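Mind having a look at this structure? Questions to follow.
A, B, C and D label the chains in the order they appear, each numbered from 1.
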Amino acid sequence: MSIGSRHWAIGEGYIPASGNEQGDPRFESHETACLLNVNDVDAHVTIMLYFSDREPVGPYRVTVPARRTLHLRFNDLADPAPVPRETDYASVFCSDIAIVVQHTRLDSRQPALALLSTIAFAERSPG
Amino acid sequence: MSIGSRHWAIGEGYIPASGNEQGDPRFESHETACLLNVNDVDAHVTIMLYFSDREPVGPYRVTVPARRTLHLRFNDLADPAPVPRETDYASVFCSDIAIVVQHTRLDSRQPALALLSTIAFAERSPG
Amino acid sequence: MSIGSRHWAIGEGYIPASGNEQGDPRFESHETACLLNVNDVDAHVTIMLYFSDREPVGPYRVTVPARRTLHLRFNDLADPAPVPRETDYASVFCSDIAIVVQHTRLDSRQPALALLSTIAFAERSPG
Amino acid sequence: MSIGSRHWAIGEGYIPASGNEQGDPRFESHETACLLNVNDVDAHVTIMLYFSDREPVGPYRVTVPARRTLHLRFNDLADPAPVPRETDYASVFCSDIAIVVQHTRLDSRQPALALLSTIAFAERSPG
């Protein structure tokens, strides 16, 4: 069986500045969208980024292969434009098949890291 | 397409006292409601604050422009009254069109910051 | 209008041991259920606690007054029995009218506090 | 009454390396799925783990007894295979009766622990 929704939103978005990672990418401040595709076919996902003071940027395009998870760092998005640091944004994910999206941030600006996570908002109405 | 709901609630609310921010507003303890409006028209939002020991305060009024996100710090709300610090509250958001609301707190009272976040509760029933 | 659900569940429950609060109750490790009642009548709520190795305990009874929020510390529950510390539990909330429930923990066992929060699970099916 | 769903997903999964726990298992970095079964019969749950670069692993099988909660550490899963550390994964839970699933991580790699938690994604469509 499938699980999830085709349309997801994350209201919070903010990539903190560099911090205490000391060259270890595991501890670099980052924001991640964890995408899960339990289907037997690939999921083709488009991502739009929304800002407070400019037009949306996108679509970014990623593929989540069949039966795979993709932990996508917003830090790594590059095409059509990198995600500005220390800037408020939000994101919307649209997939051609049902997926699950979870949002996580690791903030390492101060001496001990901080974490947050939430399942994203799933649009459940038809469309 | 649109995404979200017109009615949202955040049960948790508490603005911590000042802490280790050392004059840097990024590290000031704060609570944020991240509002996302993907529609092509502005969203007009009213916010009511609920307390444990007094009548609700509001409405506060904010506009989320078309295709924009607004990361609203409760610390900054002023009209009709500022949000008291170190006081339990809760909040309800009503919009004239569908939006998404996510709740985040940064707590910097102790030597390293702490974070929490959750998608708010979306009322999905008609009304 | 009303907002919320009459039946809520929190799967995670664990009150950490005492920590770095140094006599300040704000920094005592605690778990909170933030209840919001936007209705114009009081909400009568019963809480059942579930454990891994014994029968459920309850009902605990609390009232959330009309147009009020109640940030209930599990630490403070006493009747019919206090909540054991450092013990896994879960909780179910049933109200006679719609409310919103959010779960938050502050953990101060180590030198800097940690936070988590999530909107609880709302049963949306009739019943 | 029952509460929950039969199908749940957690998009985020990552067991951090060992850290500052100093031999205390409470402070070992871990990921937990908190399962709650309020029914009067046992819940039989199968868990599938999804990865970014290999086929899914499972099913893992656990039983949540009637009227009990099970706080399952992914660290402890062993059959058919242990969960690799410092590796991205996601998980899907299918139960023969309705349960509630909440996801929590404690990360103790740095001098003060960090926490995250979210109610998992509940598939509410029939199936």
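Annotations
Just so we're on the same page, a contact is a pair of C-beta atoms (placed from the backbone, for glycine too) under 8 Å apart; a residue touches a chain by one contact, two chains touch by 3 or more.
No experiment lies behind these values; they were computed from the predicted model shown.
Chain C maps onto chain D through a rotation of 90°, based on Cα atoms and reported in steps of 5. The two sequence copies chain B and chain C touch through a face in which the numbers common to both fall below half of the numbers used overall. Centroids built from CA atoms put chain C at 21 Å from chain B. Averaged C-alpha coordinates give centres for chain B and chain D that are 30 Å from one another.
Shown for chain B are the residues that touch two or more other chains, namely 111-119, 124. Of all residues in chain A, only 7, 9-14, 48, 50-53, 55-56, 86, 88-90, 92, 103, 105, 107, 109-121, 123-124, 127 touch chain B in the complex they form.
Put simply, chain D touches chain C in their complex at residues 1, 3-4, 20, 26-27, 32, 34-36, 38, 67-71, 100-102, 104, 111-119, 122, 124.
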